[in-house]
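One structure follows; several queries about it will come next.
Labels A, B, C, D, E and F are assigned to the chains in the order they are written; within every chain, residues are numbered from 1.
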Amino acid sequence: MNEIIASIFLLIGGAFLLIGSVGLSKLPDFYMRLHAPTKASTLGIGAILIGSIVFFFGQVSGITVKEILITLFLFLTAPITAHMLSKTALHTKIPPTEGTINADLFDKMRERESK
Amino acid sequence: MLNLYWIPLLTFIGSLAPLVTQKFGRNACASATSFFPLIAIAIVISNIGTVFSGETLRFSAQWVPALGLDLAFRLDGLAMLFALLILGIGLLVILYARYYLSDKDNMGQFYAYLLLFMTAMLGIVLSNNLLQLWFFWELTSISSFLLIGYWHHKSEARKGARMALAVTGAGGLALLGGVILIGQTVGSFSLDAVLASGDLLRNSDHYMVMLVLVLLGAFTKSAQFPFHFWLPHAMSAPTPVSAYLHSATMVKAGIFLLARLYPVLSGTEAWFLIVTLTGLMTLLVGAYVALFKHDLKGLLAYSTVSHLGLITLLLGLGSELAAIAAVFHIINHAIFKASLFMAAGIIDHETGTRDMRILSGLWRYMPHTATLAMVASASMAGVPLLNGFLSKEMFFAETIHQTTIGSLSWMIPVFSTIGAALAVAYSLRFIHDVFFGDDIKDIANVPHEPPRYMRVPVEVLVVLCLIVGIFPDFFIGGILKAASSAVLGGAYPADFHVSLWHGFNLPLLMSAIAMVGGLALYMNRERLFSFQSRFPERNASEVFDAGVKQLRDYFRIFINWFENGSLQRGLFFILLVALAMTIVPLTSLTTTAGLRPHLPMNTVMVSGAILLCVSAVATVAWHHIRLLALLLLSVVGLIVSVTFALYSAPDLALTQLSVEVVTIVLLLLALHFLPQVIMNYSSPSRIVRDLSLSVLIGGVVGTVNYALMTRSTETISWFFTENAKTGGGGTNIVNVILVDFRGFDTLGEITVLGIAALGIYKLIAGMRIAMPAASADGIPWSSDKNPLMFSVISQALLPLAIMVSLYIFLRGHNLPGGGFIAGLITAIAIIQQYIAHGTQWMHDRIKINYLTFISSGLLIALTTGLGPILLGKTYLTSWHDYVAFPLIGKVELASAMLFDLGVYLTVIGAVMLILANLGGLTTSNRIREEGES
Amino acid sequence: MELVFSFCVGILTSCGVYLLLRGSTFSVVVGLTLLSYAVNLFLFSSGGLAVNSAPILGQNENVTDPLPQALVLTAIVIGFAMTAFAVILAIRARGDLGNDHVDGNPPELPDRYREGHH
Amino acid sequence: MDHISILPVIVPAILGVIMLMPSLAKSMMLQRWLGFIGVVALVVISVLLLKTVSHETQVYVLGGWQPPFGIILLADRLSALLVALTSFLALCALMYSTAKDDSTGRFFYPLFMFQLMGINGAFLTGDAFNLFVFFEVLLIASYALLLHGGGKAKTAASVHYVLTNLVGSAFFLLALGTLYGTLGTLNIADMAARMPYLTAEQQTLAKAGGLLLLLVFGIKSAMLPLQFWLTQTYSAASAPVAALFAIMTKVGIYSIYRVFGSVFGEQAGDLAFMASAWIWPMAIGTIILGAIGVLAAPSLRMLTSNVVLISAGTLLLSFVINEGQSLSAGLYYLIHSTLVTGALFLIADQIAVQRGAAQDRFVVSKPMNQAPLLSGLYMLCAIAAVGLPPLSGFIGKAYILASVKNSTEQVWVWGSVLVASLMALIAFGRAGTAMFWHLSGNKPGKEKATPIQIAAIALLLLATPLLTIFAGPVTEFTEQAAADLYSSSAVIQQVIENSEGVSHGH
Amino acid sequence: MVIRYNRQRPSFFNFIFLFVIWILLTGSYSLGNVLLAVVLSIAIPAVVGGFQREGLRVRKHRKAFQYFLIMLSDIVLSNFVVAKQVLGKTSALKPGFIAIPLDMKEALPITLFASTISLTPGTVSTELSADRKTLYVHALHIEDEQELIASIKKRYEARLKEIFEC
Amino acid sequence: MLSMVVMFVGAVVGVALLLNLWRFMKGPHILDRIIALDTMYINAIALIVLLGLYMGSPLYYEGALFIAMLGFVSTSAVCKFLLRGDIIE
């Protein structure tokens, strides 16, 4: 039973990781690609970790749930990474793709960079 | 009776006397100096009876048995003759120099060198061990270098000294080779053994080699053609030195060597040819050039060359009588030439010049000296009733009775006669040009006779010329017999006597021809001189010096080309050698794959491999895009870490990951200080060359790697697996190896880390460096120093990271982890704070002396190992036990944990010292780079 | 898998070696880093590769040779220390000598070889 | 348990660490005293060690883990000799540095101590990987020491020295991996013991590994064409550091002796003395290059650096002549050349200081303040370095030459050694006359060597007449030391066999 | 090693947080380990306490937990939405920036707010204005800008304000 | 069954990694490459977790934990570098 549940979670996780990476390859501009790692890290890795927890729940004596810790770290850091990346992108003037809504905000955001 | 070794020892000790006594005045200095040779000569003389009776005195003591070098002296006839010359003439020179040296000259130093030289000469002639002989041989080169260069403010003196050193030194090295070859052939360096092995040596395969090497030594020392050129330039030495070294002693060392080894090396075709022809050539060249020298000492120097050639020629002829004649002429030449040099010195001393074109009519001013000089010159010219005549007659006689060069042997007497005629001519010139003719002009003071005692040495020598010339057998017979027997190996002709008159014979005729011819030559000197003046004058020392300089320049060109200061060249060589050293053995490895079963492939691993290889190649392709290269390195590092994890090395994976991060931070810091634009320094051909080499090396390394992986070897690792828990008290075998089985490695490793931090600290101290004010794309830096959200999360992560590091530390002995990884994690957590908040913010909150971390960490690790020594165990012996604590239960305590704590602290300290310092540099030392803003 | 592994080691070595022979200090440091990856993998695999046999007692039935791992660990640490030193030295050299060439004086090359890169 | 063999490693290590403690790090005086006490202690320790090993070779089993599993230290006459030499050299270098050089940068004494720790560790260890570790210790310390004093020349030299050695270290690891993969052990004696049982295939791999080790040691010992880092490095280092570095090439040479004298020694079957074929041409080349460099040198430091090259080549030769029969001669020469080059670097420094702008270059300059003293010391050094009597160089040279029996070898060895001697003779003669005799003006500067500096030089030089006078006993010792090298594996094998099971103290 | 001790009251939240993490890490519930966890959870904040820059702390623990669950479910749901967007025709997407006016000033809640936005797929916080009054966000697909802003503010900001009482 | 799933998911993650590599190589901007690297970290975490599952051993989780922690440090350091040039001010 554990195995089946774990397998399902693993498959889901794998799927989302792949989708994240597909998005990274496919999306047209930097700001859109920025969404990819958060995708991969949140649901993809989360599902795989849950699968792992489920699997080991019955296997090893005592519950080792370091997976939760990994998730915690990722949840804490992934947004900051994304934030830093976008900050840097603004700083280095990577333009958003054509047709981006509110493209005028780009210059507004860059205000603190030009000081 | 004092032992033999006292003879050189006395003069050696005596070399200190002038240094000590010179402050008591010149007389005291000279007397003290002569005291030691006097005793030495007394010792020699006291042995005359024994030696004349054919006995050889010996002394021997072990010195370096491994080398066959003994301290061994012998006193036979030959040695005695030379010892008497060296000491006797030496004493006269000491007396002479007392008056010759001026107040400005450092007399103590001069005498000290002179006695050192005397010691060396005595050492040569008294040696009973060939290596020891060589020892003293080289000492004469050194001491003569000092004596020739005595007036070192003169360029000519410096050059002359250097040239003499180089030429005689080179000969000395050749001699060393010859001596060793002889020693190896005979099986001993003892002269007794060598002298008894004549046939063995002459029949040896190496005979020619040793002969040539020995002759090179002898010929350079005795200024034989074509090595004669150094001797005239040694004339820049003070005249007493010339009188001593360049007539009586040092140049005779070569002759002595020929005589010494005569019994074992002569008697072969090669000896005859080489020695005779060299001697003849030298005889002629020396005599010819002497005639044209305007410098008194130059004339005498070339005359010496010529006479040395004569002696050599005699030794080459190979007959008993020739050898005796050689010995005889050694004595005669020493006597008349020393006196002539001294006379020349007096003239120089009194008139201030030695140029025969200036000197003239001195008879009027110094008749006494003139008389002495004339007698000595006459001896040099071979005038009857003087000693020079006797040996020259013998020489002529021997040149007639030889067949050295077959049907051309007649040339030897003919050329000898020509040489003799030249000798007569230059002797005439010496006398006539200097003492006769018009009154001397163009000199400052009116010349007069030298001080009384300055003349004494000359007088003694001239008297010797006369009495040896008139009563040869009575006066010189004994020593001549003793010395010649030594040269001939005991085969002294029983009925031989030196006598003044042999009747009218061919030699007498030759003498007469020489006399007449010499006179004729001198009469026609004007034409000869004008003929000679058409040749360009070449100064041998200039030529030699220029030659050495030229050689040096060629060498410089070579070195600058070969060691051109290019690291790339050096590394290329290293890599090339590496390639050669691996390729050569691999060519004999027939099958690369071993028998060990291979692991199956799978998609994940292949993807990893693709990632790795693509990234590595991309790193090369984009290495000039620095940040990109760095990111690619991260990819490689990540894959390598995952590979470690995959192949059962969790510890390695963790270590690699954490080291990776620190490295990236470090490289990022570095990037900031390195030029933003990387030049492409390589030409296309170099790129192709380097690519080929690197592909080959990669191929070889990969092949070896594959061959190793696919072969099983019985290793020692079972021991670690078996003893990790029981002996080391841990289940993480790798960690137990690190902190226990091979704790010594780890001790070294953390020391390396600590030292690296110290070194980097040194590097950073005082570094001044320009930093760019904008990125490479020209975008000025962001004004947001510490992005808010980044700081907040970094802060939040700190306790977490520290907790993780403690966990990793504590479990390391049993599960993947340990002090090193934990230390890195802690350090990274702190670095993260530095990145997020900046150095100043950190300094306000935390004041850690990272140096203390390093030193206490290292001290803990070092002293943990010391404990067991007190318990009688070896260093680093570990201890572990299970201790029951109330509430907590049984806890394992291990000394290895303490050791690991040392590792932990050192790592934190080292990493932080490096990074925090480098970070600090940027704030304290901001110089904006020009042109990049 | 051994073949793939050794291929990777070979590639890493080649890349490292090539970069070692470049003229700028940073490239050399990057080359050294690549080379040390190769060397560590080489040393690591000298006892043979094994999966699922980490040298932790009580975790697996088979335990792989732990010694190369310990050696590589030492090598990694030492390599890190050395790389750190080399990096800072490169900075210092740039500061003292004014350029980033390994010899401190860039060779004079025709312009076509020296186009700058960012 | 006799702990004497571990002391040369841990005494400097502990002293070095103590000197880093904050209270000590601040006081130069305390550091000087500690450093001085440390080196004196090392001299005493190494004398005791020499005495001990003359009695019996010491195998120190670290951590109590029996060989070949744990790391052992091997103190035989050979390693003890080198440790003693290092200590003595260190004493003189340290004395010299106390005058001024120690305070021209931070951490001089700790680094000096770590340098000694590394060198001694490399000499004493009986484990191949541990040798690597101590190589790294001594290298990293030498990097830092090389930079001591600062200046562009040092930085430029460091870049080459450091990067070259990093490459060397990479190959060291490749070599160790290859040897471990074929032999399955790291203990040098155990490696030697396993050599005869290799299959032909394994032999080729072991050969590749061994040759890579030769490459690594060749870099350290400056064997042509791996020498290019040397002259720059040695002539850039500050005087006491350069003097101490005189022992550094010897570490590489010693390692060649150790590894190729035991692992690839007689017992190695087809691989016996397999390195000789490589060493021969490289050693000869090194000597010739050194000879060329000596004459080409524009300054005394450069000249001395090239003397180091010549001696390195000669020492390498001594290992391969007659398949190692001349090693005793090499060891004698090693002692001599280390001390003399050390002294030369110190003298060069004084000359440079006292000649002002001319430094130690062979150009006209003002006279030196202490010209008579320095010229005397220089003269002694030059005589010793060229290999002229009466100083020890001539014995070393003659000993090596005399040990060549085979005539092909004779041609090469004698040719190169004698030519090198001639070049050195000419070069030293020219250098001496240029520096001491060719003067402009007669006003010396104020710079003066302190008595302790003179004492340091004199102490180094004192050794060479002593080496000459006591050449008998010394060569007797080196003969035994050479014999020890070839029997070391057997001794350790004995220890391995005697220790049944684990000798660890549980 | 001198660390300037920042006189802060020990935070219960921090303590629990670290305690749980230690237990999670070690996976051991033995008395010894629990004691160790207690010691560490007190000691570590004490040592690194100096690094806490603001005294703000969680006031409403239950609300906080609630917020956490909401976020989790949002992550899961929006992941599916975004997955569809990514796998579909990317040219149909209407990406854009939005500016969210902030009602909070404190660093911690702003950070959490921005992080939540980033964690839920489809939106990434790109920049915070220097006066901390506006948070700029990039969205993968914007149907209605104002509604998006309003929903984000309501769903997350309001709750965070409550939790931190700011 | 689980091991087959793990293998399969592993392959999927492997493909994801290759896609990341593709993006890395393509860029075009350095930040695109950084995102690619960051995503690689995450995929690597998944890979290590899968490895643990495959081997039935939790030994490898620290590896995953480390990547999670350290990936953040290096990515943020690179960003800081691009923003400020000087990462430790």
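Methods note: contacts are C-beta pairs under 8 Å (C-beta built on N, C-alpha and C of every residue); 3 or more make two chains touch, one makes a residue touch a chain.
Everything quoted here is computed from the prediction, not taken from an experiment.
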Joint neighbours (subunit C and subunit F) are B
By Cα-centroid distance to the whole-protein Cα centroid, the innermost chain is D
Most remote chain, CA-based centroid, reference being subunit B: E
Specify the chain most distant from subunit D by Cα centroid. E
Centroid distance [mean C-alpha coordinates] between subunit F and subunit E, Å: 22
Length of the line joining the C-alpha centres of subunit A and subunit F, rounded to whole Å: 11
Where the centres are mean C-alpha positions, what is the separation of subunit C from subunit D, in Å? 28
Rounded to the nearest Å, the gap separating the Cα centres of subunit A and subunit C is 31
Note: subunit C residues in touch with at least two other chains are 16, 20, 25, 28, 40, 42, 45-47, 51-52, 54, 56, 59-60, 67, 71, 74, 78, 81-83, 85, 89-90, 92, 102-103
Can you pull out the residues of subunit D that are in contact with at least two other chains? 129, 133, 136, 140, 143, 159-160, 163, 167, 174, 177-178, 180-181, 186
Among all residues of subunit A, those touching at least two other chains are 22, 34, 64, 66, 69, 73, 76-77, 79-80, 83-84, 87, 89, 91-92, 112, 115
Which two-chain combinations touch? A-B, A-E, A-F, B-C, B-D, B-E, B-F, C-D, C-F
Touching subunit C in the complex: which residues of subunit F? 54-55, 57, 59
In the complex, subunit D residues that touch subunit B: 1, 3, 6, 10, 13-14, 17-18, 20-22, 25, 60-65, 68-71, 105-107, 110-111, 114, 117-118, 121, 129-130, 133-134, 136-137, 140-141, 143-144, 147-148, 150, 159-160, 163-164, 167-168, 171, 174, 177-178, 180-187, 190, 201-202, 204-205, 207-208, 211-212, 214-215, 218-219, 225-229, 231-232, 278, 289, 292-293, 295-296, 298, 328, 383, 386, 388-390, 394-395, 397-399, 401-402, 405, 407, 410, 414, 418, 421-422, 425-426, 429-430, 433, 436-439, 471-472, 475-476, 478-479, 502, 504-506
For subunit E, which residues are in contact with subunit B within the complex? 1-4, 6, 14, 18, 21-22, 25-26, 30-32, 35, 40, 44-45, 47-48, 50-53, 107-108, 110-111, 114-115, 125, 128, 130, 132
Please name which positions on subunit C make contact with subunit D in the complex. 16, 20, 25, 28, 32, 35-36, 39-40, 42-43, 45-47, 67-68, 71, 74-75, 78-79, 81-83, 85-86, 89-90, 92-93, 96-97, 102-104
Help me check something: in the complex, which residues belonging to subunit F touch subunit A? 1-2, 5-6, 8-9, 12-13, 15-17, 19-20, 22-23, 29, 31-32, 34-36, 38-39, 42-43, 45-46, 49-50, 52-53, 56, 58, 61-62, 64-65, 68-69, 71-72, 75-76, 79-80, 82-83
